[in-house]
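In what comes next, subunit A is part of two complexes: it sits with subunit B in the first one and with subunit C in the second one.
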Partner chain A sequence: MEIAFYLSAVVAVLATLGVVTGRHPVHALLYLIVSLIAVAMVFFALGAPFAGALEIIVYAGAIMVLFVFVVMMLNLGEAAAQQERAWLRLSTWLGPAILSGVLLLVLLVTLIGADVGGRIEGETLTAKAVGTLLFGPYLVVVELAAMLLLAALVAASHLGRSEAHDEAHAVRQVPSKRTADGRGRAASERPLGDDTSNEENSR
Partner chain B sequence: MSWWTPQVEAIAFALFQALVILIAAVGAGALLTMVERRLLGLWQDRYGPNRVGPFGVLQILADMLKILFKEDWIPPFADRTFFVLAPAIAMASLLLSFMIIPITPSWGVADLHIGLLFFFAMAGINVYAVLFGGWSSGNKYALLGAMRASAQTLSYEVFMGLSLMGVVAMAGSFNMREIVAAQETIWFIVPQFFGFCTFLVAGIAVTHRHPFDQPEAEQELADGYHIEYSGMKWGMFFIGEYVGIVLVSALMVTLFLGGWHGPWLPPIVWFLLKTTVFVGFFVLLRAALPRPRYDAVMSFGWKICLPLTLINLLVTGALILVFSPAGG
Partner chain C sequence: MPIGDVLPEISLTLGAVAIVLFASFVRQRQHHWAAVLALLAIGLGAGLTVAQWGGAPRLTFADVWALDGVALASKLVVLVAGALVVAMSPEWMRTDRRHGEYYALVLFALLGVIMMASASDTMELVLGVLLSSVASYPLAAYHRGWAPALEAGMKYFLIGALTNALLTIGVVVLFGLTGSTGYPDIAQALATDSDRLALTIATACVVLGLTFKLAAFPAHAWMPDVAQGSPVPSAAFLTVIPKIGAAVALARFVSLLPPDVAWRAIVASISVATMTLGNVAALRQTDVRRLLGWSSVSQSGYALMAIVVLGISDQALPALVFFLASYAIANLAAFAVVTHLRGRTALDDYRGLARHAPIAATILIVSLLSLVGIPPLVGFFGKLMLFRVTLEGGYAWLALVAVINTVVSLFYYLRIVAPMMFGSRQSAVHLLSGQWARSAMAVAGVLLIAGGLGAEALSLFTGSIRFAL
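Entry: the complex of A and B
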């Protein structure tokens, strides 16, 4: 299990570096997906398969799909890569890199100072144990999070819906004045509006 | 033979099992390409492919030869990495899911605690096959197909998870073997009928099968996300789809129809029989139903199936609490 932990940790770090340095947005997203899956593997190695599975389902399987979805529709070409190249100049990233390097050093010193040995071979937590904890001592936090999510869901549904309605009206009222091109655009935009509201919901 | 310890024997047997199940899954997927066309022919009152071999069974061989020897062409405007990666994801993620399915009491690849969640994770990753395939092709029809596919799969995955939570609550576990064991007395299709219906819909949608094949939709999108693919890369999308059918059928059998349970016949026969019935049902659906409009598909998922699964889960939870005093 230790080997699995360290291997997936290395993959996670390398993949995250790939996200930061990647010039192509979609390639960077692929690295991010790999990084999330690697983090899920770290959870598996630490004996938390439930958290690992949820990490893949929620982050790699749902949220990242939305990211990829949006970036793909932006159709970023060579211009975006040029811009990215400009941002990745040495003078731009050197300062933040040194500062975060100091933070990493502090973290490492604290970790080495504290006794964390033997945690990798910990016991395996079942889904039931996680559930008992969530709906036992942490019940209030779970309920608050649920309320927050519900509010977000209602807001997203409201925003998405009014737009779709207006568009439907516009198309219905002046069908003859639209050119074939215009109608095609409206038709392709409508499911898009639906999609955005769905994206919010599925979060 | 000092190295042949019981441990090595167990590992060898597990490897053998995994290999047999893998080959059987791929084989079933390949065989289905022919069986589906024959069945469609039967139901649409015409001959299917019946020229090659007796009853056309060698059609698979002919198709394989054609697919394997076709030029494996990558368009110059395509993004090579993603173009090659997409079919691999399509096939691998679905094949890996076979890992969790217990076929008989002694056969099955992995006995995971989180069994069902593993399937959800793989289904989630499977979306990328279509997304990457559609985007990297550099073709607007492919991109449209990919967008439809991702929106559709995301919205149907939400209630696919919820539709199975009733089963999980009744069995008290995500583990597939425990779910099958919990169906010793009564199959879950009876107490979880709405869960069964919604999972059936979600399963079809996730495999992009008719009537949820808007991502492909030959008539409007000229085959959608795999329009630029040819040769074996296209073949992997193709076989992947059929592997998905077999997978969803096997899952349905395991989760709702008692898996290998059944009188008289040996467990493996029951499992295969039930799975075959579902595969046949998939094909029948394609033969019988027209393709609905895309926005109708989306609103059906969010406005009918999602509330239905939520109500089902609520009622199931309430009934479990009422009838099991141990829970209180």
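Entry: the complex of A and C
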């Protein structure tokens, strides 16, 4: 497994370099996906297939697809690439590069100087072991995490909805509202609680 | 699987899910029925909690869920407070286009708070804090079109994100130290020798994470804005209910720590800073809702006193729960009156209220006096128990600071009361039309008076509660 580890580690480092230096956002994202898959391979090589599969499904799959969608919707053209090129000047990356170099130096010294066995191995942590834990001691936590996601969904759908959508809905609702309410609420009236209209009136 | 042990939580969950579905398929004008559904779910949950009362304190579900007197008593307080908040909401939220979801979010937040109070596992604690936070952000910003509400929600969210991250870091460090997330295992691992520096850092992170829900220094900054800008029923919820869960969770967490970790000093200094800051900031407020927000910051400081002497005085936990209950009732009564007055917040709007709306004015005055701790109101007994356990625990200086703060607080509470009694007004008082808010206010007022009269019986009831661990 050692050769697989080193190969995928090299791919991960190169792909991450590609993310940092890439001028086109979509290219950078594609490099990032490659980098994440390479990290997943590292996990596989280290004997953690479950973490590797999660890395691919969650990061390379779900989150990166979201990233790509956002970048595509932003519709960055040649101007963005120009800007990136302008940012990639020596003066910009010199500082971070020196700092990273120091970190690399520390790592190399530790690796060479310390008494490292030089073997890569570990106990295989399977999906079954994780599942047994999740449905054993953590059962209540897992179930309530589902409730957390549901609450977050309701919250996001309440806060994330645009005003324009509400206005359109209000216009559609007017005829029925007028007959039922008897008061003929104006369509443009904002669907707010009582306090706002009151407080605005009182000032 | 001991399903019977989490029946109250299941009833809240089912209620919340039913309300989400109900609100999706029913016309907006019918959404006030969601409030009835929420009240049913809360009532069922409270009934099932009462049925659990009296058993021996124990841990269940592989030791992650505490079923002891403290958890049950705080659960009951949380549920009663939640029912009051639900009852004061329907008329306020009537014009909101997504009225129904509000109750689902309230139930989710209640569930999160109950999780915090019952958590006997750090992961469970994190999830409880997250659940109650996530469901509370939209509650604070429920009127999306109104800038102050959005500002309050945003502040709440930003401080929440930071402190929740701190809490998680603390839990991770603790896991690294002990190799476990369950409280029994953590207590066992910490009893033997472990890295004290790392443990102190983990403790500080967890305590800081919980100060957010407590609205205690240094994560208190959201409280005045939420009290002022959020819809008043949400403000009533957020100033009271998360605090109960967080205080119990904090007490449960610090009771695990070995004595040589300086958690008493940490909590005591937070307590002093919180009560002093809250009172000093409230002194010059001319905005009633903001003043109530700062006052509830200072009340968190008082509650922390009981946690400081945890383990020294055997009555610390009963005092904590009793004080939280008395604070909850008084603060909810005050906010119910503000709701009834359509969220009026300038001090001038309260001028001459005693003549124009005598019942509302009486309830507001009684609730403010109870917050100060004037006998024979319920707040007096809460503070009396707090001071007694603090003195018993040998923290006389802390009790002295609290007494000075209480005297100072009398000044700003009376600043609301005086114009209400002796001021005069020309304009009419605008009240929220409908029976929900009025009944919620009346029930809160009755509970406030009854709590004061029955304080002895209540304290007998809570006198023997203790942690399962």
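The working rule: the second predicted complex is superposed on the first by the 129 of 203 C-alpha atoms of A that agree within 3 Å, B and C clash if a C-alpha of one lies under 4 Å from a C-alpha of the other, contacts with A are read in each partner's own complex, and residues count from 1 in each chain.
Keep this in mind: contacts are C-beta pairs under 8 Å (C-beta built on N, C-alpha and C of every residue); 3 or more make two chains touch, one makes a residue touch a chain.
These numbers were taken from a predicted model, which means no experiment stands behind them.
In the superposed model, A:His158 lies in contact with subunit C only, and not with subunit B. In the superposition on chain A, contact is made by A:Val141 with subunit C only, not with subunit B.
In the superposition on chain A, A:Leu66 makes contact with subunit B only, while subunit C stays out of contact range. Residue contacts after overlaying the shared chain place A:Val102 against neither subunit B nor subunit C. Once the two complexes are overlaid on the shared chain, A:Leu150 sits against subunit C while remaining clear of subunit B. After overlaying the two complexes on the shared chain, residue contacts for A:Ala79 are found with neither subunit B nor subunit C. Counting contacts as defined above, subunit A residues 190-191, 194-195, 198-199, 202 meet subunit B in one complex and subunit C in the other.
Interface residues of subunit B, counted against subunit A in their complex, comprise 79, 81-82, 112-114, 117-118, 120-121, 123-125, 127-128, 131-132, 134-135, 143-144, 146-148, 150-151, 153-155, 157-158, 161, 174, 294-295, 298-299, 302. Here subunit A touches subunit B in the complex through residues 26-27, 30, 33, 37, 40, 49-50, 53-54, 56-57, 60-62, 65-66, 68-69, 72-73, 124, 126-127, 188, 190-191, 194-195, 198-199, 201-202, going by the rule given at the top.
Of all residues in subunit C, those touching subunit A in their complex are 1, 6, 13, 16-17, 20, 28-29, 61-65, 91-98, 101, 104-105, 108-109, 111-112, 115, 121, 123-124, 127-128, 130-131, 134-135, 137-138, 141-146, 153, 182, 231-232, 342-345, 349, 430, 432.
Residues 136-141, 144-145, 147-148, 150-152, 154-155, 157-159, 161, 163, 166, 169-170, 173, 177, 180-181, 190-196, 198-199, 202 of subunit A touch subunit C in their complex.
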